[in-house]
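Paired with chain B in one complex and with chain C in the other, chain A is shared by the two complexes that follow.
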Partner chain A sequence: MTENLQILVGGIASGCLLALIALGFVVVTKSTGVLNLAQGGFVVLGCYLTYEGRQSWGLPFWLAVVVAAILTALIAAIIEATVVHPVALRGLYPPILVTFGISIVIPAVAAGIWTTYQLTLDDPWGLDKVGVAGLTIAQRDIAVIVVTLVVLALFLAFFRFSRLGLAMQAAASDPEAALAQGISDRVIHMTAWAMAGALGAVAGALLATTGGGGVRPGLETQALIALPVIILGGLTSPAGAVVGGLLVGVAQQFAVVRVPDVLGSGFHEVAPYLLMLLVLLVRPQGLFGSAEVRRI
Partner chain B sequence: MTSEAAAGPGASAPSAAGAAGGILVPRLTQSWRSRLFIVLGLALIVIVPTNVGSTYWLTVLNGVGVAAIAAVGLNVLTGYAGQLSLGQSFFVGIGAFSAQYFGGSLDLPMVLWLPLAGLLAAAAGGAVAPFALRLRGPYLAIVSLSLVFLGIYIARNIPSVTGGYNGTVVEATATLGPIDFERPTIGGLSFSREQGMFLLTWSVLAVVLLLVANIMRTRAGRAMQASRDHDIAAEVLGVRMLRTQVNAFVVASGIGGIAGALLAVNLEYIRPENFDVALAVQYLAIIVIGGLGTLFGPVLGALFVGLVPVLVDEISGSLPFMSEAGSDGLSTTDLTLILYGSLIVLFLTLEPRGLVQILRRTSVWLRSRRSPR
Partner chain C sequence: MAEELRDDSAAQSLAVDGVSVRYGATTQVLDRVSLTVPPGSVVAIMGVNGAGKTTLARTVTGMLGYHGGRVTAGAVRWGGRNVTGRPAPYMVRAGVSQTLEGRRVFADLTVDQNLGAGGITRRDRRELRTRREWMFELFPRLAERAQQRAGLLSGGEQQMLAFARALMQSPKLIVLDEPSLGLAPKIVTQVADTIRTIRDSGTSVLLIEQNAAMALSVADHAYVISHGRVTRSGPAAELLADPEIRTYYLGLADDGARPEPAAAELGLTGGRAGA
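Coming up: the complex of A and B.
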């Protein structure tokens, strides 16, 4: 029982990270209609910029994360305005492939600047653990869960109360009507990408803390694990991203520990995809997605 | 004969209508110019390997040929039938490992292992197709992506066939009757393995291109294109979606499997990781760069994408920010990735209809210069 709870907590923590990355996907898809494969690049930029902030500018950890998030958001907005926006409305393939092109450029550039060695972020927790009600929980897991909750609150507040957030909701539900009301689609698209960049950067920094294995090449593949999450939850549903993230995180954690060897090695790596396929067999639009209405 | 063909599809309509029961089937080639290109292309399949001695260049071109075959397959699914797939490397992987299983472990000849690799991959494609019927656009893309991950997982866990994590040496031999493509002799002259592989790979590519060109002119092929252009309208007009979908998947993955078999004998050593997401996306990039839904787009795209690493090898020595051995800086692998990614982005922003469109425009421009009005 205790062991199961222990696995559950670990799963929730890794699920929170997936949820943050998945939210980045969903924000962009919902407000611009583009499936943004470059999200993995933002995860990479986030952790390397946090490292840079710690090492070169001597910032405290949390400030470094915030600075990295802001810088990544800026970079994401610039990328959107210069490269993605011109193709955003040209059907299905061009935007997906353009963002894929970006997603292979960013990690390669990062490897050129920061080398391919494993770097440490020097985070405040390291490998410390605390005992809560008989469970031993890594401090990093607690930090991840708290940060995710804070980010989610900010996210909801932005969409609920800010003028820009409301404008983005309007543009998502009817782009043409929103345009007619004087909402600029350029600003909306850039903001969505900036938010995706910031979300990816925060997730990247938390992912690359000592408990997560440090800053290293290959972190962009984490964004690929978030892909089944967004399909599971529904491509355009923020709530789906969070629920899907938690589901996948917990399922994967249990798969790591509990799945018998009969199923072969590496089962936990494909568990998210199997879960996604199961859900899609029943609900092709994902758990929280709305079925598309199509006209001739 | 020639005059009739030069006049275009309309001229052959009366005879075709009489013979084929009212269905108008245009000729495969419509002008002497395209015939000339076809003859030239076929000649190049023999001329290039017999005259290029450089192993390096032949290896690059063999890779291009294999990638082109796989991309032609993907183009059937994505370009003609309109189903975005990030899973072509899964089918290529099936082809590669079954080539080794049938040709290496069971020691069957190439006339058997090459078609078997295609058939097995095609069967897998047919099994996947009904699921794709329920999914649209990005959903299908990501589900097809999951095939790649599942494929690598399965391949790692059946070591008796695939060699597991370590992969396997490919022992399948590329011999067709008296012709040994690994040690070819033409008229008393013997050639290198790379030269033989070029002959094999590019001949298969030519056959595959002819196959696809013909499929796209049949009822089934037109149904694919109709369902791409407007699936509901096509269904109203009597196109069966399930049958069309299965056709597209079977053809695409079957061709992918054949490409995989050729990839296996070209590489001589395959591992499950060879058939990863990067490979799948490379195929997608090839058909987009070349031109979606065009016959020769995948070939042009494969040439283009295959030449990027060559370009990097050429220029990396003269760039100041490149890493020397053992020091910091940009590695050639990373520079290749950066160039490759930027080229995809540039192409899609500047010419989304691909290299084929650029060629078409150039030829129109040339013609207009020759005959000014």
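Coming up: the complex of A and C.
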């Protein structure tokens, strides 16, 4: 029982990171109509920029994460304005191909700048554990859960209370009608990408802590697991991203520990996709998706 | 930036000067169209499906680019300033607002949020508050349903919300695209009353309408568009008396008999999307 609960907490923590990455996907899809495959690039940028902030600029860990998130948001907004926006309204495939290209370029550039060696973020927790109500939990997992809650609160507050948040909801509801109210699609699209960049960067920094395995090449593939998350959650549903992230995170954690060896040692890597297939068999639009997604 | 564009003291007039519009390389939709909307007036644009009415609206409101159209000749002037090809965010800040055909309220936002989104370009909080109060006074149903999702409103209520959302921008000119489309006759009368109220409040109206009877009942001046050209224009009263207009757009034959079936399709009945 205790062990199951510990697995559950670990699963929730890794699910939180998936949720943050998935939320980045959803914000862009919902407010710009573009499926952004470059989200993994922001995860990579987030962890390497946090590393840079720690090692080169001597920033405390939290400040380094915030600075990395802001820088990644800026880079994401610039990428949107320069290479994505010109094709954003040109049908379904051109923007997807452009973002696919970006997803290949960013990790390569990062490897060029920061080498491909494993690096350490020197985070405050390392592999320390803490006892909570009889459970032994990694401190890093607690930090991940708290950070995710804070980020989600900021996210909700932005949409509920800010003018820009309202403008983004309007644009997501009906882009043409939003434009007719004077809401600039350029501003909306750049803001959505900036938010996706910040979400990806925070997830990337926490993913690359010691407890998460350190800064290393290939982190962008973590963002790919967010794809089954958003597909099973519903492509344009923020709630779906969060619930889907938690589901996949927990399922994956249990798959690591509880699945018998007969199924192979890599079963946990397949688990998210199996879960996605199961959900799609029952609800093709995803758990929270609406049935009238764009038909092709 | 656009705040200086707004000249609240001087009345502004809209002039469309020999404007031609194309979508893509080949499709010409408007051919040297000219018209004016003097300050404080209601000007109606009438015509059948595909005549180019909606394209004319888009040309004035800055929505042409969104639909891949462009002005190939002529100019649009607003308050003497050349605003040809300016996008909607610019036009809204310059005092030109619009309602789209089919109402297009933000269905999953509340009525209140729709009004908020309408007024998003206006910074003056006091002005926004008075505007909102005025909207609720003008459309009491919206006040009752302020916290409801707009998608749950009836067609007539959604049209009122579309008016209110645009009026939150304190426009000097409002372009209404087919506001009576698909509404019950009783509601159409209400729409006409609202247009008069808007005009009386000092906002000029460019009314795109298939329902010629309604259009001529509120307009000071009217233009008939056919195949992208202005084929008739004049004071609304003059057009109302014109036998040809009566037959083909109002569906009334001079001898009082029902006209050819085609006329009913062209005029009074409406009910389908314009181009």
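The rule we apply is simple: the second predicted complex is superposed on the first by the 292 of 296 C-alpha atoms of A that agree within 3 Å, B and C clash if a C-alpha of one lies under 4 Å from a C-alpha of the other, contacts with A are read in each partner's own complex, and residues count from 1 in each chain.
As a convention for this text, a residue touches a chain if its C-beta (ideal position, glycine included) is under 8 Å from a C-beta of that chain, and two chains touch if they have at least 3 such contacts.
This one's a predicted model, so the numbers in the text were calculated from it and none came from an experiment.
S.K.: Clash or fit: how do chain B and chain C relate after the overlay on chain A?
M.R.: With chain A as the common anchor, chain B and chain C both fit in the superposed model.
S.K.: If you stack the two complexes on chain A, which partner ends up touching A:M1: first (chain B), second (chain C), both, or neither?
M.R.: Touch partners of A:M1: none, neither chain B nor chain C.
S.K.: Quick check on the superposed pair: does A:L277 touch chain B, chain C, both, or neither? Answer first, second, both or neither.
M.R.: first
S.K.: With both complexes overlaid on chain A, does A:A170 touch chain B (first), chain C (second), both or neither?
M.R.: The second partner, chain C, only.
S.K.: Considering only the touch criterion stated at the top, classify A:V109 as touching first (chain B), second (chain C), both, or neither.
M.R.: first
S.K.: Should A:L35 be classified as contacting the first partner (chain B), the second (chain C), both, or neither?
M.R.: first
S.K.: Going by the contact rule set out at the top, does A:G182 touch chain B (first), chain C (second), both, or neither?
M.R.: Second partner only.
S.K.: One more residue to check, A:A133. First (chain B), second (chain C), both or neither?
M.R.: neither
S.K.: I want to verify the contact counts: of chain B and chain C, which reaches more residues of chain A?
M.R.: Larger number of chain A residues touched: B.
S.K.: Look across chain B and chain C in the superposition and give the shortest C-alpha distance you find, in Å.
M.R.: Minimum C-alpha separation, chain B to chain C: 16 Å.
S.K.: Shared contact residues on chain A, chain B side and chain C side combined as an intersection?
M.R.: No residue sits in both footprints.
S.K.: Enumerate the contact residues on chain A facing chain C in the complex.
M.R.: 163, 166-167, 169-170, 173-174, 176-184
S.K.: Note which residues of chain A are touching chain B in the complex, please.
M.R.: 29, 35, 83, 86-87, 90, 92-94, 96-98, 100-105, 107-109, 111-112, 115-116, 224, 227-228, 230-231, 235, 264-267, 269-270, 273-274, 276-277, 280-281, 284-286, 292, 294, 296
S.K.: For the complex, which residues does chain C have touching chain A?
M.R.: Within the complex, chain C touches chain A at residues 61, 63, 66, 87-89, 91-93, 98-100, 104-109, 113-114, 116-118, 120-121, 165-166, 169.
S.K.: Taking the complex as given, what residues does chain B use to touch chain A?
M.R.: Residues 78, 84, 131, 134-139, 141-143, 145-146, 149-150, 153, 156-157, 230, 232-233, 236, 277, 281, 284-285, 288, 292, 321, 328-331, 333-335, 337-338, 340-345, 348-349, 352.
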